[in-house]
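Here subunit A shows up in two complexes: once beside subunit B, once beside subunit C.
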Partner chain A sequence: MAETFGWAGKLLRVDLSTGSITTEDSAKYQEYIGGMGMAYRIMYDEAPMDLDPYDEKALVIFGVGPLTGSGVPCSGRMNITFRSTWSKGHSIVDAHMGGHIGPQLKYAGYDGIVVTGISAKPVYLKIEDDKVSLEDASAVWGKGTFESNAWLIEQTGREFEAASIGPAGENLMDYSTLNTSFGNAGGAGVGAALGNKKLKGIVIRGTGTVKVADPKKVLELSSYMMGNLIGGNNNHNVPALPQSWAEFSAVSGKNRWSGAPGRVWGHTPDGEEIDAGEQPYNDINKIAYRCLKGVFDFGEVASNYIIKSGGCQSCPIRCYTQYEIDPLAEYDLPIHNSNTCMPVLYGNYAYPGVELKDFKYEGDAKMVINLAWSHAVDDMGLWDNYGNINRDLKWFLSLPREEAVGYIGEEEYDSLPWDWMHDGDPRWEVEIIRRLAMGEGKLSVIAKGTLAMMEAFGLPKEWLDRADGTNSNLMYCGFPNHHGPAEAWQTGMLYNMFYNRDCMIHEIVCETGSGAPYEVTKKVMEDFFGEGCYDKSKAYTPINENKVKLAIYCAADKNFHDSSTLCNWMWPMTQSPSKERDYHGDLDLQADFMTAVTGKTYTQDDLQEFGKKILHMLRVMTAISFKLNCDSANLRTEHDAITGWVFDKEPDFKPFEEGTTKLDREDMKKAMDMMYTELGWDVETGIPTAETLKAYGLEDMAKDLADRGII
Partner chain B sequence: MLFGRRKKGFSTVAAVTDPKSAVEELQADEMAAKKKPKSPTFDIDSAAEAARKANEAGASVESAQETMAAGEEKVDLFDFLAQQPDVEDQFADIPAEPEEQEPEIQAPAHWKLAEYIRIRSANAQVTGLILLKSEVEGLEELLEAMAADETCKDIATRQGAKDLYYYSTATMSDNYAMIDVLIQDDDLVSMMAQMVRFNAKTYPAATPFFYFQRPPYNRSKAEVEQAWAAMQTMEQYQDIQELTNNENTRFLYSTQYLTPRYAKAISDVDLFTD
Partner chain C sequence: MSEEKKGFDTKEVTRRQFLKISGVSLAGLVLSTPLLTLMGCTQKQVDEGEVMVWAMPQGLLVVNASRCVGCQRCELNCSLSNDGAASTFISRVKIQRKLNLDGAGNGLLSENPWLYFPDTCRQCEDPACGKVCPQQAIYADETTGVRKVDQEKCIGCGACVQACPWHMPTVNPETKKSSKCIACGACVAGCPSGALSIVDWDAVTSAAQDAYKDL
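Up next, the complex of A and B:
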């Protein structure tokens, strides 16, 4: 194995059927960066879409890119690639997780793990540098992730990082996760993909290092980033409340730079409040106080329960707030919680029409309910599909009894502890979650996916067109909107079309949600991406070339992040909190880090080309999957078709009128034409042309599509 | 009291550091900031660091006083070291050369004034002329000297309704100075109207009522309601209107800059945009 920088240089291969564990040189995958890109090449080469997702030969590929473990800020990520069992087409899909386990894999000496086969009994994978083994996990099969992770650490040692699946994954519930005990979770159904293989969990201890080509440059770039570019979570570049050094703040008082004078960690072990204070943008010693995520999620009342802010390896932005929710003890529920984003936001959807009562402090009702939800779904290893599980549940629980029993029967309906729901009792949601994760009853089909639920309940395709607040599906593929038209006009709609799950793209919402004045951010965006690319909130303009290019940029950039592997919430450094920089970030920084870490020269244009190559690979595999499973490889009509509510919501407004985010049908047709053309995809089918694939060195995929009669 | 209130969450300031050393540190840090790769910015951290050191200096005096007051005996470090037997330094093969003493420079008096304003700015406070007049002798000469001194070009002024205020642009933004001057003016009706207009024009955004209950305004809910009631009776504020968003949160906005329909739309909370 040649000496390599950034990349660990080895790939671990584990066959659960035979127990075989081998390694191979990973150098040949460097042209795909790593993580997502590497996994897509392996998946295409070794586990074609013709395989059933639960086939013994199906792969689950853990990938960690060259920047993880290298010291580059905000790089504690890991990508997991496998086959979807729940979204339309059953195509290739990714889970992504933060924490410390990805870097541990690098320190152990591996760029990834390719898992195949099905074990005869539950096992866990133990990695301690070059000592790798499969161990019996029967003792924790059926257990929640918290107990399982604790057990895994007991078996191996405190220096190990552990992640496990819960009952949802074991029971092949499609909405399932792989979890650490700190709220880091990969979703998209990876729990079921691993559960099918009887792989309960992974423990990793790495004692090595990631070799870096130019460590002084990495330090120099890191200092530059910390002192000049980085903001709060999502790289929001103004504080939520006025701070004396800052010209601007979020008027709503709500963004992800929530730390402010008077906002505290109020539930510290020694009882001493820790005030987040002011955090001047280039005071690098106060960066970790910026993201008081609990206050962003729940308001000031959260401070009463906050122990501290946690987060991922190599990241100064501590976005995993850690809580002690002592009122839950009254219900014999766990009181400690650490999480961020979706798991903590919509647990209250399990209580439709119920006015939740405060537990201990004024205004804490939603917070306590949501954190009970968060702990329960993490323990069961249940995925939310970016809120679809909450929305689908809310839709069902809002039905009149006579209609609901038509779907699940009287016996099951009456077995639900409805009194707990009406009382706002957190045990209600925990019980619902348990039933979903265990696959218990007809209601649990909600955890098999929105499309599976529609099929089981006989709901027509038009069910996805409704605009009643419980529908966020942008297409008919079973996954929802993720920072799409509501925050990013046509651009957001376009980049939501590429993937086989919610897109997980944050390139635009980091700007629109920052709280900075529109004109300030517009200048930044237009200087980077061209005139007319950045619309005002709820005041959209017709499609133009720069909006289309921005959509492609966002997807390519996200693909690079999941390949390298960087956090897409923080990267790229588009904005800066620095007035002296006119709030402009530095898009080249990630390429500079790639060069400094790997010793190979990269430009931002290079990274965009890598990202586009991955986009073409994704589209090829999606086309093959749709041809096999939907009997049509026309992705424009089968995959990218937009649901009605996107155009028909808010009937009092017309598209492009001030005050709405609704889109216009003809305008979006034009936008799609422009996007397919820009990417070199066929405008009628939305599939890459042979010429495009050849231009990206993907001749084998062009031939494959031709052989299958797709192009 | 020269250093005024201490705000919760801000670094505390207990004493003025030596103006010469403070300014030299500021300048040294500024030069270091300029040498940072790709950084064209003045390093605000330098001023904060100076303030921190000043704070520490003050804190240590207070701490010593507290210790003495408590009657606790503490061995002086130098006394302790003097009692220790002499030991040959095996590694001291090269005798250290005596440090060259820089000639002491008498700092101009207006530097101390400028540093005082800087430290207050770092503590999120503008400095009123009335306050300075009550505390500083020969103020007019000092202010003239400060205005003429290139090293004090960071000192800016903002006129309030009742006073002229000084602040350092190295540690306080112009917009924050505007806010703090409005707070010092202590006219809640005027302050609310000005900030509602500013937010509507600048961001653009409607301003939640609770905006004025949070730092740095810290007004009570009753005060805000009372001010809004008064505002509605005054002709000059008839562009200020109220709306309630889809989560029953109340806002104010200015019709000079926002239409009622658009103000409502951008104040409504869209689900799943977190």
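Up next, the complex of A and C:
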């Protein structure tokens, strides 16, 4: 194996049926970057969509990339590719996890792990450099992820990183995760994909290095990024509240750069508050105080429970507020809680119509309830499908008894501890989560997926068209909106169409939510992406070419991030907090890092082409899956069809009127025509043409689609 | 610290005073207000064992566990600066081993999950690593006094790793050579939370003298 920079150079292959563990040179996958791109090539070559997702030969592919663990800021992520069992078409999906385990895989010497087969008994995969073994995991089968991960590290050693599935994955609940560190998890049903294989977890220690071609340059670029470009969480580029050095603060007074003088880590062990203080944009040693996520999520009351902030390896932005929620001790629930995003946002949806009571401080009711939720779902390894589990639960729990019993029966309905719900008792949500994770009762079909629930409850397709506030599904595929039209006009609708789960694209919401004045951000966006690409909130304009190109850019960029691997919440560096830079970031920085780390020359245009290639591969596999499982490979009508509420909500407004984010049907038809054309996809079917696939070196996929009668 | 205040009249004396407590928690010591201000911590944090100091040539390295956010940028900056490659294992400042379960009831997966912090070489006056080295490869830098590993002499036997009470030297499995902290300060410069900071000796001495004058 020739010396390689960035990439570790080896791929680990594990067959759980035979116990075979081998390695192979990974160099041939460098043209797919790594992570997601590498996994898509392997999945296509070795586990065709014809396989059932739970087939013994089905693959789960863990992928890291050349930047993972390289010291590049915000590069601590790992991509996991497998087959969806819950979204329409049962096609290819990815889970994405942060924490610290991805870098350890690199340090152990691997760019990925390809797992096939099904073990006869529960096992865990132990990787210590080139010593790799399958070990008995019977002792933790059935246990929560926190206990399991601690056990895995106790069995192996303090320097190991662990990841494990919880009961939800073991019980093949489709909404399931793989959890690592504290609160870091990959979702999309990866828990069930691994549970089916009886693979409880992975534990990794690497004593090696990620070799970088130009270490001085990597350090120099890191300092440049941290002293000039990086903002707060989601790279929001102005502080939420005024700071003496800053020209602007958030227009609304709120964004994810929420650390400010007087806002504190207020529950430290010694009782001494740590004030977030001012964080001048060029002071590297104060960056970690910019994101005070707890205050962003719950207001000032959160400080009473905050001990510090955590997050992923290599990232200076600490978006995982770490709490001690002592009131939960009274309910015999864990008091140490940490997560970011979905698991801490919608636990209160399990209490519809209930006025939650404060626990210890005025205004703390929602945060205590939500953090109890986050620990319970993380422990059970239950995925939220970007809030669909909360929304579907809220819909069900809001039903009158006579209607609800029609779905789950009187006996089960009455077995629910409703008094706890009405009392705002956190044990209510924990019990609901337990039932969902264990697959207990008819209600647990909610954790099999929105589509499975609709089928079980006899809900028609039109259920996904409703505009009643509990529906976020942009298409009819079983996954919800992820920073779509409400924040990113037609562009957001378009980039939500590509994947077989919520799109996980943050390129636009990081700008619209940045807090900077609209005109400032608009100038940055138009300078980078062309005139007319950046609409004002609730004042949308008809589709144009630059909005379409921006949608494709976003998806290609996200694909590069999940391949290299970089955090898509922070990257790319679109805006900057620096007035001297006129708030412009540096879109070329990720390519410059690729060059410095790998020693090969990359441009941002190159990275876009890699990202588009992955988009084409995704589309090919999606088309094949839909042909096999939905009797139609017309992705325009079967996959990309938009639900009614997107156009019909807010009936007092017409599309493009000021005050609404609703879209227009004819305009979106035009937008889709333009997008398919721009991508080289057939306008009628939304499938890549043979010419397009050939242009990207995917001749084999073009032939496959032709052989299957799809193109 | 009150008994030692009279000794803080030159920075060399100050450094020697701190060498005696290098790498240990300051719990039990009463520090003057100027010194606490310099170190960016409070007496309560000192009392709770949240603050440790290391005597480095360029100043007092202060580790404030309350501020550590576990990002491992210290390890990455260390290994990139000193070894030209990114790693946690060969980093001369160490947090990976304390992050999840530190063996003393702390770490993300313990009952006390939010206590984790980096640890490094104490630059001992009488270093066990140096004494045990069969090659006499560990020497004190002439100008700074920092203990360094002579890469030419080192045979990678690992005796230094075992002899160090804190197992701070590390034999790089790829180069088969031992390395340890050389007090370069890369970890401090890149720490995004200021959990690691260096207070230069002149300032420490001055603060200690001010405190003495105030009495």
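One rule holds for everything that comes next: the second predicted complex is superposed on the first by the 709 of 711 C-alpha atoms of A that agree within 3 Å, B and C clash if a C-alpha of one lies under 4 Å from a C-alpha of the other, contacts with A are read in each partner's own complex, and residues count from 1 in each chain.
Methods note: contacts are C-beta pairs under 8 Å (C-beta built on N, C-alpha and C of every residue); 3 or more make two chains touch, one makes a residue touch a chain.
Note that the structure is predicted; figures quoted are calculated from it, not measured.
Trainee: Could you say whether A:Leu241 touches subunit B, subunit C, both of them, or neither, answering first, second, both or neither?
Mentor: A:Leu241 contacts subunit B only, not subunit C.
Trainee: Between subunit B and subunit C, whom does A:Thr268 touch in the aligned arrangement: first, second, both, or neither?
Mentor: Touch status of A:Thr268: second partner only.
Trainee: After lining up the shared chain so the two structures overlap, which partner does A:Gly659 touch, if you call subunit B first and subunit C second: first, second, both or neither?
Mentor: In the superposed model, A:Gly659 contacts subunit B only, not subunit C.
Trainee: Determine, under the contact definition given at the top, whether A:Leu219 touches first (subunit B), second (subunit C), both, or neither.
Mentor: Touch status of A:Leu219: second partner only.
Trainee: For A:Ser415, using the defined touch cut-off, is the partner it touches subunit B, subunit C, both, or neither? Pick first, second, both or neither.
Mentor: neither
Trainee: Of the two partner chains, subunit B (first) and subunit C (second), which one does A:Ser398 touch, if any: first, second, both, or neither?
Mentor: A:Ser398 contacts neither subunit B nor subunit C.
Trainee: Which positions of subunit A sit in both the subunit B and the subunit C interface?
Mentor: Correct list for subunit A: 223, 284.
Trainee: Within their complex, state which residues of subunit B touch subunit A.
Mentor: Contacts found on subunit B: 7-11, 33, 36-45, 48, 121-124, 171-176, 179-180, 199, 202-208, 210-211, 214-216, 259, 261-262, 264-266, 270-274.
Trainee: For subunit C, which residues count as touching subunit A in their complex?
Mentor: 42, 44-45, 47-48, 50, 66-73, 76-77, 79-81, 83-90, 96-103, 108-110, 113-115, 173-174, 189-194, 197
Trainee: Which of the residues in subunit A end up touching subunit B in this complex?
Mentor: These residues of subunit A touch subunit B: 220-221, 223-224, 227-228, 241-248, 251-253, 260-263, 275-278, 280-284, 297, 341-342, 345, 386-387, 469, 472, 480-481, 483, 486-487, 509, 513, 515, 517-518, 537-539, 578-581, 586, 658-661.
Trainee: Taking the complex as given, what residues does subunit A use to touch subunit C?
Mentor: Against subunit C, the touching part of subunit A is residues 69-71, 73, 100, 103-104, 107, 129, 146, 149-150, 153-154, 158-162, 181-182, 206-212, 215, 218-219, 222-223, 226, 265, 268-272, 274, 284-289, 307-316, 318, 322, 324, 336, 338.
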